Amino acid sequence: MALLEIESVSVVFGGLAALTEVSLTAEAGTVSAVIGPNGAGKTTLFNAVSGYERPQEGVVRLDGRPVTGLPPHAISRLGLRRTFQNGGLFGEMTVLENVMVGADRATRSGIPGVLFGLKRHRREERRAVADSRAMLARVGIDRLAQARVRDLSFGQQRLVEITRALISRPRVLLLDEPAVGLSQAERDVLATTLRQLAAEGIAVLLVEHVIDLVMAISDRVLVLNFGRVLAEGTPDEVRANQAVLEAYLGSA
Amino acid sequence: MSDPRRLLWPALLILAALPPFFVNDYVQYILNSILVYAVVAIGFNIVLGYAGQLAFANAAFFGVGAYTTAICMGRWHWPFLPALLSAALVTALVGLVVSLPALRLRAYYLAIVTLAFGELLRWGYIHADWLTLGSSGLPVPAASMFGISLASDRARYWLFLCLTALVLWGSANLLRSRFGRAVVAVRENESAAAAMGIAPALTKIGAFAWSGCVVGIAGAMFALLLGRINPESFDLSQLLLHFSLVMIGGLGSLVGSVAGAVVLTAAPELLRNVAGLEEIVFSLLLIGVLLFMPKGLAGLLSRVAVLREHLYLG
Amino acid sequence: MLAQLVVSGIGQGSIYALVALGMTILFRVTTVVNFAHGELFMFSAFVIYLLLNAFDVPYLLAALAAILVLFVLGSVVERVLMRPIRHAPHMALAMMTVALSYLLRGVVRMGWGGDVRSLPPMFTFDPVMLGTVVLAAQDIVTIGATLLLVAGFFVLLQRSRFGKLAQAATDSPRGAALIGLNVPGFHRTMWGVAAAMAAIAGILVAPVTLLYPDMGAQVLVRAFAAMTLGGFGNLGGAVAGGLLMGVLEQLAGFYVSTAMIDIASYIVIIVVLLSRPAGLFGRVERVRV
Amino acid sequence: MRMRWLALGAILAICLSGGAQAADPGLTKNSIKIGVFGPLTGPAAAFGKAQLGIRAVYDDLNEHGGINGRKIEVVLEDTACDPAKGIAASKKLIAQDQVFLLHGGSCSNVVMALKPDVIASGVPYVVATAANASITDPVAPNVFQTVATTATMGRTMVDFAMTKPDAKRIAVISHSDEWGKSGHDPALVELKTKFDLTPVADVTFERGSINATPQVLQIKNANPDFVLAFLYPAEYAIFLREASKYGLNVPSMGSQAISIQDTAQQVGNPAIMKNVYVFYPLAAQIGDAKIARWVDIFTKYNPGVRLESNGLLGMGGAEAVIEALRQAGPDLTRAKFLAALDNLHNFDTGILAAPLEFSPTHHAGMNGGATITYVGDKLVLIHKFTDAQK
């Protein structure tokens, strides 16, 4: 069975059907994309999967284990990380500290050890700093390490958020419009990084408007419209699908 | 070679241990008070600065710590150390209880509930005569630790210095670890913190418990400092002082908290004898900080390079 | 006995309602909870005392002057203290009002020292007897003034254009500014109005109570209880909450023990906020991700 | 060579330590330094007028040539009725200003907090107007009280109430703070032990509250013959107004902090004052020739400060200090001063209602006090309820 299974999930907001019976499976090591016009329910799907919305129907399974209804932090601890469309960072903290919050997932130091500054925990702290700097370098923004996140540009903030998600060694990574606000060069870095992550066995799930990025790196694409699945398949199948052309790209 | 900055703190500690040899009892008492309020400010800053929770319960924590110590030593004749530990523990539990509403209530509601809680506790001190001797005050018998008598201000100073250093060091370690980052992350963006696997509720509870524990220790020190505890000491004016310590010292800064304690404990000694002057000077300082220097003294201190390294601005 | 307690409770509660009303109006428009409202109430009583003793003017004139002085003070406070930090987090705004309460108390203590002062009773006609129930002149005036003000504010905020603007300025300050409403100016007026409300409460209460710098704190906590009980930001709720608090205190004091009077408001605040944060009439704010 | 240094060091040490024994600190050829402290600021600042009265007596003494050739140098410190500030004030006076003796304290909680260190320091300490009986019980060699203790006041008030013909039903209303409690508790003990009675109503009334309806109605329900009130001036006036509003026209007695002229002004209705009695520690009411000297001294050295009984209350203690200094003679030491105080017997201070009586085992100097009330519009000092009815 797949790493992430979403089975006919439906979400209703006070009578408005935001999502209706949406299903999707994401295998480890693949990049899946969810596209659709604004208001199609893409972010709602992410919120339902990561525990911020409780679906009225349907099941979300991680490694075969149902997680629907669990609080966000519980789902996150099972290895599912996500970024937010806007404002997913800790404004007052520096870039390095933001990323270290991601690195902290790996450390096991307990309160007493930290409190008395035992050697093992000081070493762990130093390693977390080193790992964070390395990941920042990998994404190419290590020079921003000491800057306060609040002072960064929108594009830079997106890269920091992705770095933080990466360093926490996720098994499933949900990225909500990562490419928005990035320069073409930064988008290329993003594309290669995502492919590398998939190669390392992570299941990457992407909500994105930048179609050529989606088509270039996705193994499977899910098209949503008004909360329903319009089409699902490889980028080529979706590109050729008549219904998608009509609803999304305007009649050819 | 360990870098020189590691020697900064031990050197400061030795330097701080010297004054008792030079000062008279009055100045010694003021120094002891400064250490008590430094620990109060550190404890309160954890909830107000780092966790960003507008909680008005700090004077209540201070009272619980003082009364627990006074009761353990006065009525049950415990030596000082077990009384201190029980004060820290009991106040940490009270902190935990106070954190429960914090999970559901936003800014103003939390402030008002904790304000009511503090006043309810003080009413309890007054009316629980059988335990606290009510408003006639509860004496704290002479204390000793490991055989050393704590009767003299000088002995108390060294004890308070160790406690302050311990609290400062422990808090710095905690705040510069994944726990500290989790607390600040929850303050900055609760849903993003959850996405990183941080449990917001547990983190807030932890922050309140640690703050309670620290302020409980300060309460125990206060009981030793005065030698007698009575309910009026933990009223709204005490809370106003705690707020001034943290806001003027610097929100979210340990060194700022200590700086706030030094300034605001020494200042009243200079403003003696004039009705209302202390209140006016404190409020103008507070207004000045809020308008022009939001980071407080910490903001000022952080311009000094060597301090910025050790100034955990969180 | 019960009737007497209820009547006296309503008289007392209407003072809490007046203070809570002033705080609620300010909260609704500027989302700021004014921790210095008790001190504004105290300060207005001292202003009247000063005018009566220094200039020997009739009480009514002194009262009107006090309302004006407090209105100006409220506006100055908004302009000088609150506006520069209006974008700061809630904590800074709350702390500024705490600092203001500290400042007012210090100024009054320095000016008038610690002596307890008193004002001659405003109305000297005898109490009205309703059967065995004694209704003092002061209570009648306080209750009357409260009802008058509540009605006035309801009409002002619910019906008039001014009220619509107030609502707009609260819901989306940016939106209101777009349609040409001078939002900061509006806030300044509301601070003035709230301070004037505190003065009205001060005028009504000063003759009943006695004046000293620390008389504000007691009333502040009762006003909080009233606002919490009635639902934060709900005008009718604040007044109903105030009256309920007044009666509750009297009944608890008589039937349970007089020591209960002091903590009735603390218990109400804790119980209501933990069980039903929206209070009796408020609406539950839903925090969206 | 080394021996010489050792000897020099030893001599130096002796001189330094020796010097300290010769003369007590705070004493020079022509001046005696006295540390006066009390609540000059804060909510209890009204009680701080006692300190102004004390300083006025010493200033007046200096103008009349001082004592045994020495003038009195007063160092005034504020405690704001807060224990932490009180301890700081007393330590400053002892360690920094090095005063010869301490004379101050009007809030019992503050005095109880600073007492242990003062006893340890051995500095003579004459308490100003703090009245809690436990200040001089157990007795400390260097601590003396010069006003009626709360125990004495409680007893006197109960005894006075019982002088009302066939008074059986006594009600009590008090604050729950230290001040109220220290008056309330001894009164109940006296009622029980001497008259085997318990109060028919015992209600609390919090400082700063502006409505006393539940309290008045509860007391009225118990239809008492007499009400004992351990309340601050403001709250006592509110209680009296509410009592008359609800028809509780029963004699009531206020405690030592109440100045009856202020209460009359705050109540604003002479009819109510007919039933009001106040424990009065002074020898006569303000305006009576008997204590005119002290009234003039107070107003002369405290221009612009409104005089009330609190201002005069501490002056008796100042007279006792002056008397003890005089008896201790020109080559004054702390030991001699304490000995002089210890055998001050039946000392009439002129200002206090009762003489001061000290002994090595009894340092609560004043036991007893008068009662003051309005007869018509004239203030009268009486000792029995029936005196006022003539």
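We call the chains A, B, C and D, going by the order they appear; numbering starts again at 1 in every chain.
In this section, contacts are C-beta pairs under 8 Å (C-beta built on N, C-alpha and C of every residue); 3 or more make two chains touch, one makes a residue touch a chain.
All figures in this text were calculated on a predicted structure; none of them were measured in a lab.
If you compare B-C with C-D, the chain pair joined by more contacting C-beta pairs is B-C. The innermost chain, defined by the distance from its C-alpha mean to the mean of all protein C-alpha atoms, is B.
Relative to the C-alpha centre of chain C, the farthest chain centre belongs to A.
Between the CA-based centres of chain A and chain D the separation comes to 75 Å, rounded to the whole angstrom.
A separation of 33 Å divides the Cα centre of chain B from that of chain C. Between chain A and chain B the centroid-to-centroid distance comes to 41 Å (mean Cα coordinates, whole Å). Residue positions of chain C touching 2 or more other chains: 109, 113-114, 213, 217, 259, 262, 289. Chain contacts: chain A has residues 52 touching two or more partner chains. Residue positions of chain D touching 2 or more other chains: 41, 45, 176. Contacts from chain B toward chain D in the complex involve residues 24-27, 29-30, 33, 126-127, 134-137, 139, 225-228, 230-233, 268-269, 272-278. Residues 1, 4-5, 8-9, 11-12, 15, 109, 113-116, 118, 120-121, 127, 134, 136, 205, 208-210, 212-215, 217-218, 249-250, 253-254, 257-259, 261-262 of chain C touch chain D in their complex.
Across the complex, chain B is touched by residues 50-52, 71-73, 76-77, 81-84, 87-93, 97, 100-102, 104-105, 107, 109, 111, 114-117, 121, 125, 128, 164, 168 of chain A.
Residues of chain B touching chain A in their complex: 169-170, 173-174, 176-179, 181-182, 184-185, 187-189, 191-200, 252, 314. Against chain B, in their complex, chain C makes its touches with residues 33, 81, 84-85, 88-92, 94-96, 98-100, 102-103, 105-111, 113-114, 213, 217, 221, 224-225, 228, 232, 259, 262-263, 265-267, 269-270, 273-274, 277, 285, 287, 289.
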